[in-house]
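Provided herewith is a single structure, encoded as structure tokens, for subsequent inquiry.
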Amino acid sequence: MRTTRAADAMRPVEIIHDIQPQAGASLMIKMGGTHVICAVSVENTVPPFLRDSGQGWITAEYGMLPTSTNTRMKREAGRGRSGRTYEIQRLIGRSLRMMVDLHSLDGKTFRVDCDVINADGGTRTASITGAALALRQAIKREFEQGNLAAMPDILPIAAISAGLVNGQALLDLEYSEDSRADVDANFVMTADGRWIEAQSTAEGRPFSPEDFTAIAGLARKGINELLALWECA
Amino acid sequence: MRTTRAADAMRPVEIIHDIQPQAGASLMIKMGGTHVICAVSVENTVPPFLRDSGQGWITAEYGMLPTSTNTRMKREAGRGRSGRTYEIQRLIGRSLRMMVDLHSLDGKTFRVDCDVINADGGTRTASITGAALALRQAIKREFEQGNLAAMPDILPIAAISAGLVNGQALLDLEYSEDSRADVDANFVMTADGRWIEAQSTAEGRPFSPEDFTAIAGLARKGINELLALWECA
Amino acid sequence: MRTTRAADAMRPVEIIHDIQPQAGASLMIKMGGTHVICAVSVENTVPPFLRDSGQGWITAEYGMLPTSTNTRMKREAGRGRSGRTYEIQRLIGRSLRMMVDLHSLDGKTFRVDCDVINADGGTRTASITGAALALRQAIKREFEQGNLAAMPDILPIAAISAGLVNGQALLDLEYSEDSRADVDANFVMTADGRWIEAQSTAEGRPFSPEDFTAIAGLARKGINELLALWECA
Amino acid sequence: MRTTRAADAMRPVEIIHDIQPQAGASLMIKMGGTHVICAVSVENTVPPFLRDSGQGWITAEYGMLPTSTNTRMKREAGRGRSGRTYEIQRLIGRSLRMMVDLHSLDGKTFRVDCDVINADGGTRTASITGAALALRQAIKREFEQGNLAAMPDILPIAAISAGLVNGQALLDLEYSEDSRADVDANFVMTADGRWIEAQSTAEGRPFSPEDFTAIAGLARKGINELLALWECA
Amino acid sequence: MRTTRAADAMRPVEIIHDIQPQAGASLMIKMGGTHVICAVSVENTVPPFLRDSGQGWITAEYGMLPTSTNTRMKREAGRGRSGRTYEIQRLIGRSLRMMVDLHSLDGKTFRVDCDVINADGGTRTASITGAALALRQAIKREFEQGNLAAMPDILPIAAISAGLVNGQALLDLEYSEDSRADVDANFVMTADGRWIEAQSTAEGRPFSPEDFTAIAGLARKGINELLALWECA
Amino acid sequence: MRTTRAADAMRPVEIIHDIQPQAGASLMIKMGGTHVICAVSVENTVPPFLRDSGQGWITAEYGMLPTSTNTRMKREAGRGRSGRTYEIQRLIGRSLRMMVDLHSLDGKTFRVDCDVINADGGTRTASITGAALALRQAIKREFEQGNLAAMPDILPIAAISAGLVNGQALLDLEYSEDSRADVDANFVMTADGRWIEAQSTAEGRPFSPEDFTAIAGLARKGINELLALWECA
């Protein structure tokens, strides 16, 4: 049972801007003990499948420092990306591409690197929330520097985890909860109540549609709190 | 608009048993133009993290013949597994592990290979549905050959895709529908109404919770039809 | 000693056409328990060393499903191609390139994928025999669709294994024979009595030129039977 | 010409301790705009070549966040370690192994990860200086937790770069100086005036032994200042 | 047309012994402009599939210096072994294993490295001829040093290329002949008239059984000359 | 203690020219038991970062035959280049680039392969000394063949190792000395008394600046002797 915060409470969230001053935009997002650097690089090309399409592109890469976890993780430079890494960076990229019409990016690629400095559960959702803020910043700067013809409309998004632990629905799982959850879910949502991704996985046992509805409700509450960051950022 | 079948209709399903007679159990599942061979190999070891745990293990690998798709796909033997392949084989493995208590597998690994011979949408869900049937078969045979102390309880599962195309909720997307879907979802469910995986992704635009509910309802209908295969198989 | 068929008898041969309808041409060849899918993809480029030569190209790739063999074989997507795979796909490609004047292919590459679904000896020769038929089909279709200026002359070829087992010369070895053969040979031949490849290997002990002559004679008999497929296909 | 600091002046140095609380010891070292996380993991094994030797081992790995540099660097997870990375992590490991008698480490491996968050010149020497401090901390903690029989003697070391730019000897080069240096040198030294590594490289033109002596003198001054960190840390 | 030597003449052959004094046995074989170092290392283990079989093992590896060829070849350290390399080292290993009863090798592996210093055609056959001599030497030395219980019987073997160039059968092709040959063949044979490998490949056009017989006859002549090396070596 | 030669004596040096006649220039350098083939290939392109710069490029690759060492070394074709290999080939390339103004190379790349046939200490310095001679030869030949507009000025360089063994400074370490050295140093120097690289590493214990001076003095003596090769070569 969770004792130090309510079942529907998030961990404290903090954003530190411009942590990597050489990137197009960068920040560190802290959600409790989970710390992720999100940084955007802007490139004047697009992948081959978009050549001559007039579209730009948004993509993401994800990594973890070997000492970000409980037990040291082997460096992917030495063994290649794991399946988990591929899965996460595909999810981040897909989510970010919903934020903006790719036709408005004037043939540029916005590459968002999410690097986990400390991992205490929810690294993929913290990555998306941080990456979305950094991406907005990078697009704004490109426009302000005259590198984009018009400032594109940007759809605010955020992501949060929720799950079922010992039969109780909990918002924003930390590692000690996540590792014994029966259901583990991740949501990416917009400010106007719509969904971008909903992934819900039975870890211990299958779950009911009602469980899913309860978890999704918690996620909506968390997302709304995270989207408040967009005002002040 | 779908014209040749109803929005809530599945493509014809066919199972051909023992297509690879040298495997522990094997079958080809055909869902319309999507054909997948699912074959189980039984190994008398478990991965290192389960040594001395008394548990067995269930895992899956996924591949596509290069000529299974519209445009030839480069062979992964030459370039390594793609992120999509990793994502899919992790999903299949996770789903299958919900079917049986791993403690009942007497320290054996059941490795399920899903190889796509022809791809016309829904290859990952067809893989799960076929793999679940083949896995039951392989476990049964292990028990009958005296290699398992007791016949484990097996939870029937099946998987299906559904989505939103041109504003209409459709069951069991084929490739031409999948490639222009606004929402693409995959569900893994049990016979008793519970869920194992629910993954819903905005491809074109964010979707409402009501859209999700409609899609999940279609999936339930499809799953129920697929689980009828368990009777006759 | 072989009991169920004569020393100079082949296993039953069957061709199933268009098994992968999305390829340029495809078939499954069955020689007894050995089943191989051969599929041709047509590409409008040639490899760098043929740029601006006016020639086309024919090449082959070979793979085995992990569960096609007696004991499951590790997937090459995870470990790279083996030496055996390289050796076989080079042999297939070389053989097919003898079928047609590359100058008549109008700068196109015909890439033939041979994927073994079930392996019971003779997979490389079954691959060549099936690939040759599929290649002819693909070239014909290219011509009929107006993608080749003229229909090229095509030299029919086929391949078969033969060997020496317990001192007896046998045609078309199955796995149980192949694995204890003293001499293992593969031949690729044409309809007019000429040879394209002759590879004869001592597995257990060196062999005499007379042994070689006996084996080559069996191969000629088998090739003639296989080339009859060209009439009806 | 350097204008904002004296030719023999270092950039401001800052140490932030326990930046990765899950590691055996960790810190971030900042030398001006160069920021490196150094973290130590303690493992209860040694590499094969030390099995049964009674010795422990000290080794290092080095990485850079893709967005730590001016122009984004491709992630080594996707392309393998570069030659530069190998060269640097070998240098760090060699240097650290001079700090302590390996026989006093009771068969443990101390693995030091150096990850560059921001790069503005001198990342390899900052890594060594930070890693040495973190390693001392980790060894102390192991002893205090009863995991080492005795507290080993530890030799304080530090590292600094120096070079020749436009004919002037400069201490602690930043990137804009390093990139146009005629001579680029790195030194690892001890508190008692001895040297562990001296690497001096002509980038633009060969240099005289007198140039080397001048550069080495600057390095000694810088090292002495860095070793003062050992008192207060 | 060959002008400087007869159609059935070999290039001058030279053996330089102990070219790598740190190996178990080593030599350089020169056949005209083709120079190969063959060196044997003796290991006190066998591959996993021979554990507890009582057998030893013989295996080979093959490489070419990047500057051994006409046009520099990319180093395989940077791109992995090519298909050709795999094919050749499998051929060398298979051939050498016919020389001796593996049961007489007392559980040792004899690993033969063949490294081409200069390539002017026939590198694979020169490798086999040289490797066979070096292997005999290494086995003898192992016996003389008391590392083998008895001196095994050794079957002398040698290898040579032959082919059809402009309709003429030629022995021992050099590169300028090999590159325009219609038929390219390699033979591995024993002293008593038997064959170990016969590989004959149509490069330009199919060939007749009579052509094959002529080529095999030339090869026999060359092999007999090479086997004379066994007397004096 | 060194007994067979004086502490400041080099091993006998021998150069064999044109050992690989197909390269642009080639030689074998022997320094005692260390034998290295150095061969230059000339390419009419430059790496991407030099495109349109008007400069040429000089780069080096390094390899060891598996049987060049005491204990057989695994082939890098099978496992990729080691960190040590990367480190050495970067050092060789950097050193050679000091020999000539890259602008005088007319957009050509001179690629120098250094392949160790026998290793008995000092392979990297022997590689540099041999590569420098071969590079001069290749540049001269390019000029003589009309492929360079003018003959560039070439700065003679050579390299040697020196170190501290049992408290004694020794020149040109062989393997048995190198493996128990307290300090191991490598120098690349020019004829006019200047330095290109100075790398000094504590292997057993830190060393004093005076030790370094003594070692550097020995190196200067050795370099002068090696540079005499430039006269006669």
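All chains are identified by letter, namely A, B, C, D, E and F, in their written order; residue positions are counted from 1 within each chain.
Assume contacts are C-beta pairs under 8 Å (C-beta built on N, C-alpha and C of every residue); 3 or more make two chains touch, one makes a residue touch a chain.
Model, not experiment: these values are computed from the prediction.
Shared contacts of subunit D and subunit E, meaning chains that touch the two of them, come down to F. Repeating the A-D interface, with the same residue numbers in over half of the contact pairs, is the pair E-F out of E-F, A-B or C-E. With centres defined by CA atoms alone, the chain at the far end from subunit A is E. Annotation: 27 Å between the Cα-based centres of subunit D and subunit F.
Distance from the subunit B centre to the subunit F centre is 58 Å, each centre being the mean of its Cα atoms.
Centre to centre, using the average C-alpha position, subunit B and subunit C are separated by 33 Å.
In subunit D, the residues that touch at least two other chains are 80-81. Chain contacts in this assembly form a single closed ring in which each chain touches exactly two others. Passing around the ring starting with subunit E, then subunit F, and so on, the chain order reads E, F, D, A, B, C.
Of all the residues in subunit F, the ones that touch subunit D in their complex are 80-84, 86-87, 89-90, 94, 98, 155, 189-190, 192-202, 205-209, 212, 216. Of all the residues in subunit F, the ones that touch subunit E in their complex are 19-23, 26, 33, 37, 39, 41, 43, 61, 63, 65-70, 72, 75-78, 80-81, 85, 111, 113, 115, 117-119.
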